[in-house]
Amino acid sequence: MTEIAWLIPIIPVIAFVMIIAFGRRLPGEGAYIAIAGMLASLGMSIALAGQWFAQAHTEPFSKSANWMPGLSVNMGYSVDALSCVMLLVVTIVASMVMIYSIGYMHGDKRFPRYFAYLSLFAAAMLTLVIANNILLMFMAWELVGLTSYLLIGFWFEKRSAMRAAKKAFLVTRVGDVGFLAGLVLLYLHTGSFDLFGATGIFENLSKMQVIGPLGLSLAGLAGLLLFCGAIGKSAQFPLHIWLPDAMEGPTPVSALIHAATMVAAGVYLVARMYPVFLADTSHIALNVVAYVGAFTALFAASIGIAQNDIKRVLAYSTVSQLGYMIMALGVLGYVAAIFHLMTHAFFKAQLFLGSGSVIHGTGTQDIRQMGGLRKKMPWTYWTFLISTLSLCGIPFTAGGFSKEEILTVAFANNPIIFFAGTLGAFMTAFYMFRLVYKTFHGEPRNKDVHAHESPKVMLVPLGILAGLAIVAGFVGTPFNNLFEHSMIPVLGAQFAGELERSMNGFAPGFNLIVFAIATTAALGGIGLATIIWLVPILKIEKLERPFGWLAKLVENKYYIDEFYNATIIRALMISAAVAYWFDRWVIDYLIVNGVGYLTLVASAAWSWFDRNVVDGLVNLVAWTTGFVGRSIRYLQTGVTQQYMFLLVVSVLIISLAVLGVAMLSGDRAEAAWIHLSFRF
Amino acid sequence: MHIFGFEITGYQLAFVAISGVTVIAALGVVLVPNILRAALLLGLTLIGVAGLFVLMNAPFLAAVQIMIYVGAITTMIILAVFLSNQVMRIGFSQAIYNPILAAGAAGILFAFLFITVANSVWINDPRNIIAAGPANSDVGVEAISRALLQPYVFPFELASVLLLAVLVGSVVIAKEDKPGA
Amino acid sequence: MDLLEFAKELGIITTIAVVVLLFVLVVVLYLVLKLRWVIARIQSRLGPNRTGPWGVAQTIADALKLFQKEDIIPRGADRLLFTLAPAIVFIPAYLVYVVIPFGDGMTPRSLNIGAIYFSAISSIGVIGIIVAGWASNNKWSLLGAFRGASQLIAYEVPIILALAAPILITGTLDLNRIVQAQAGGFWHWNIFQGMPMLPLAFLIMLVAGLAEINVAPFDIMEAESELVAGFNTEYSGMKFALFFLAEFAASFTLSAIIVTLFLGGYQPPLHILGGQVTAKLFGVIPLFSLISLFWFLFKCWVVVLGIMWIRSTLPRVRMDQLMNLSWKALIPAGLANLLLTGAYVAFWMAK
Amino acid sequence: MHSAYGIPIWWFLTVGAMLFCIGLMGMMIRRSAVGMLLSIELMLNAANINLVAFGSYLKTPVIAGQIFTIFVITLAAAEAAVGLAIVINIYRLEQHIDADKITAMKL
């Protein structure tokens, strides 16, 4: 199997080409081709993973082909535990989403193209996870971004979808610049794009131990640059703004790309390049990773509480959970992060597909319009609830195991991160159950919405994924962590040792304190949500009187629902609103206007004055650019001959300049040029 | 044999003759106002370049040059000239206000190149090689075909894909749009 | 190579050129006469029989008449190109003779890329035809030239494809070595090798070659009933003679190439009929080359007769039929044939 | 046969430079688009001469120079086909192929 593993990404490519070429003439208008291809890839992935884990390999299998002789640029694939797990996750979720999409996209006028895009995305994603070469990874990375763009903007007649697609593409591109810089840096210092092998990047990281300014080592710098890419793709603060908007795409796409696979690519990238981070003796890079992740986790969770669009709640939840994984990577929870990536892929894909089923059934995305759907959509409800429990980290669900492992590692390494993680778990449970209660419980709030259960072709994937949301966790229970045994050797002997040294001999296992705290946090969140929305013990009216100065704002009932539920939540609410405001105005506004990251941090001091000054500077820059552009646009005459003439004159000027510099600097060899010693 | 104190070989004479024809024909290509004659002169230039290839011990390349460049590309250009009905268009571009300016720029660039080329010390200058005897390996058809199918097979296949794309693409571009189609 | 050697080389080249030119002239004179005889015989009439014994001097008389004719350049014609065009057509047709192995050791100039040289040089002629048609400033001429150009371009491809098959089998581009590889009896000739492929290549070559030298049934570029006389309508006298010469020279070249590639070149059909045996019997060494020259010319004569037979019996095809035949039949067949031949060489001959 | 024939390499390079500069000049002064295509072919040939010269004049000649030239010829054929198709299309649209007047891309 390992010899033909390269076929796994090729099959969807073939499906893509077939659907693009023949479209509606294929069986099922192309859907069956795409699904057959995906199932074939899934079968091969299962066979590959089964063979790999059964044989207990330690060395990654890696094979390359040379592109062009003379250039040391290879293309190849590698198989190890990490890529096996990623292959399984991608193929399973992609198959489920494709099957689901038959029902969801039924009757769409661009139905075949949708499946073509999905196949292309799957191919790119599979290439990304199987590549053994960072350049190939980068290409697949960009291709994944392209398909994400195409699919977010799938209904491009909608102006908002078009804008969201552009936004997603451009915002992730900011991070990609970092990624590109990082890979160039790695190439310059290790002389290779390959990951494995004696000449590969990982074997030559010792060349990058040079300590630079701020005590940052070269490896750390490369790691941070690569992490920039992960920030963009995995929607981490401050580049998370594209992901909520990406919900404009079809819901199955959100499930596949913006919940389960592509956004996890950032986490995968950091995990794949983990030796680079471990080689960073200053440990700055990993700390940055940890704090960015933790901040994102809390920040996004607090926004999620205040959202009313079912997909946006899930989107912020995704951002928050990705922050969780990134945070785990930062505190040396390498295995825990990948484990959470896997479980999250299953239950979050399920949640999105479930929400898609709800949207399909009710025709709206606003949870204020829903309510009482439990009876009308029992299948959707129960599967949704299972995944929610898994996401909240209830013990003995997949999410429970993975979240607990992350917290255990954080507990051992960094108390601040541990605290943040616990708080995040609490908030997650709170807003997820708010979502469940408002959507499925109580009475229908809008009589115009006539909900109905979705067709079987949509329910079956929901069921399978919900099952996985429970079962998938048992590969990594704290008592017998099969996952860890196979994942640690991926790093190679040297770095696996490094990881253990860094963890001071601490082996994550079952830790009663952590278990108790995590479970309490999750149950606490659920409980708080219950007493507010399900069994209204905490009455909103009672809380109105002490805060009368805000009473005028709450004349609208729905508004009260949002803002005045309990005193404990009030602080959270305000911070959520503030964070939302911060997100909307400071980050969105300034980045879109091309101001850099530093300006953003300065603006975070909530100073309007600052913002005006910076804005003025920005306008000055823009004006200067515009002025220069206006001035030199007369050069663009559209006449080829004039371009040619300018080209020749420029070449002459450059040659003269080079010559002049050589003569002035007294370079004898160059200066001899002018002596005209012809040798006829 | 010595002429005016220089030692001159027959090959050098052949070189001078061929390159003289080539360069004069090339000048004609850019200066002759009648575009059809310019295209024919391009054919002559290309044949001259093929002759230079022969002098550089690359006869296969010379044949390929004649077959593809002269036989195919020049024919295609002449047909395009007819189809675009622009044969007798006389005069030069007015985009650069004076053709002399363009000629001057190109001339200065040539002076640069010439001084650089003629002044450089070429380590394998034939005057160094001739004393040591010929240093030739089998630079023949077989070597070319081996190189094409072994180390360069990827670009070779890529070139075939490119040609296919060009075949389809140029038909699509040049095809007249039928109304209603 | 010093200058003296160079001068000597120039002398040899000039001699070869003159000899080949004379040979071409003689061959063309004979071919024209023979063509008229053959067509007359096929049409049940006598043909030229008055000038000289059996009419053999007829073509010489015709040639003399042509040389005396007034050389007309039409008004409005591009004088320079009008004058150059016959030369552009004739010179490549004449240059091809340089690589043809007429007999054992009787190649004017043996090149190791002979086959490619042949297709490269013969592809230049198209330009002359187009130029002639345009320079005449006559719509029939221009139409004839366009037809000719599209026809020649279309049939260049199958010829090269067919050419490739025997080259693959013998493994060399040198025409001399291709002939040598076919020594030892007619069953060694290329046409009987690599069984279904090379005969097919022979057929493709023959059909495409007929079109390439634009004789009936493929002579639509000078179809009298449609285009007066095609691209050479306005030509007369010496210039017309050059076109005429080039056309017949090309038809001999075609048969020579077919003979070289497929019919064993100068090799005798049976070993005992070859020069070596005769030389041993009579102890006369120079006979050796002469006998091989005889066999070459004999085979060419047979092929030329075949071509004349075809051109005098088949009706002319239409323009669209002509194009379809090349692009939809000959080129696909040639490609498939090339593929099969490649497979044959790779999998059977390697053993 | 040896690769040198007594001709110094810079003779070839000079011819290459001449053809290149002539082609460059043609690009600037030719009015019709077909004329500019002709000039491009000249420049490509100049590059070919240099490639083959460098390949042949090494102490052990390398085949790469000729291989690259073959690729260049291939690309030139492709470029000419597409370029001429575009020229014909432009002629159909504008009834002329004056590169001076084709300035739709002008800002």
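We call the chains A, B, C and D, going by the order they appear; numbering starts again at 1 in every chain.
The rule is simple: a residue touches a chain if its C-beta (ideal position, glycine included) is under 8 Å from a C-beta of that chain, and two chains touch if they have at least 3 such contacts.
On a predicted model such as this, the values are computed, not experimentally measured, just so you know.
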| item | value |
| --- | --- |
| Geometric centre: closest chain by C-alpha means | D |
| Centroid spacing, where centroids are CA-atom means, of subunit A and subunit C in whole angstrom | 70 |
| Centroid spacing, where centroids are CA-atom means, of subunit C and subunit D in whole angstrom | 33 |
| Distance from subunit C to subunit B - Cα centre to Cα centre, in angstrom | 29 |
| Gap in Å, rounded to a whole number, between the CA centres of subunit D and subunit A | 48 |
| Shared-contact residues (touching 2 or more other chains) in subunit A | 637, 639-641, 645, 648 |
| Sites on subunit B at which at least two other chains make contact | 9, 11, 60, 64, 72, 93, 95-96, 102, 105-106, 109, 118, 152, 155 |
| Where subunit D touches two or more other chains, by residue | 5-6, 24, 28-30, 99-100 |
| Interchain pairs in contact, sorted by label | A-B, A-D, B-C, B-D |
| Footprint of subunit D on subunit B - complex, ascending | 9, 11-12, 15, 19, 22-23, 26-27, 29-30, 35, 38-39, 42, 45-46, 49, 52-53, 55-58, 60-61, 64-65, 68-69, 72-73, 76-77, 80-81, 83-86, 89, 91-96, 99, 102-103, 105-107, 109-110, 113-114, 117-118, 120, 122, 124-127, 129-130, 133-137, 139, 143-144, 147-148, 152, 155, 159, 162-163, 166-167, 169-171, 173-174, 176 |
| Touching residues (chain side subunit D, partner subunit B) in the complex | 1-15, 17-26, 28-32, 34-35, 37-39, 41-42, 45, 48-49, 52-53, 55-61, 63-64, 66-67, 69-71, 73-78, 80-82, 84-89, 91-92, 96-100 |
| Contact set on subunit A toward subunit B in their complex | 67-69, 637, 639-642, 645, 648-649, 651-652, 655, 672-673, 676-679 |
| Subunit B-touching residues of subunit C, taken from the complex the two chains share | 1-7, 9, 80-81, 84, 111-113, 116-117, 119-121, 123-124, 126-127, 130-131, 134, 142, 146, 149, 153, 156, 173 |
| Touch list for subunit A against partner subunit D, complex | 633, 636-641, 644-645, 648 |
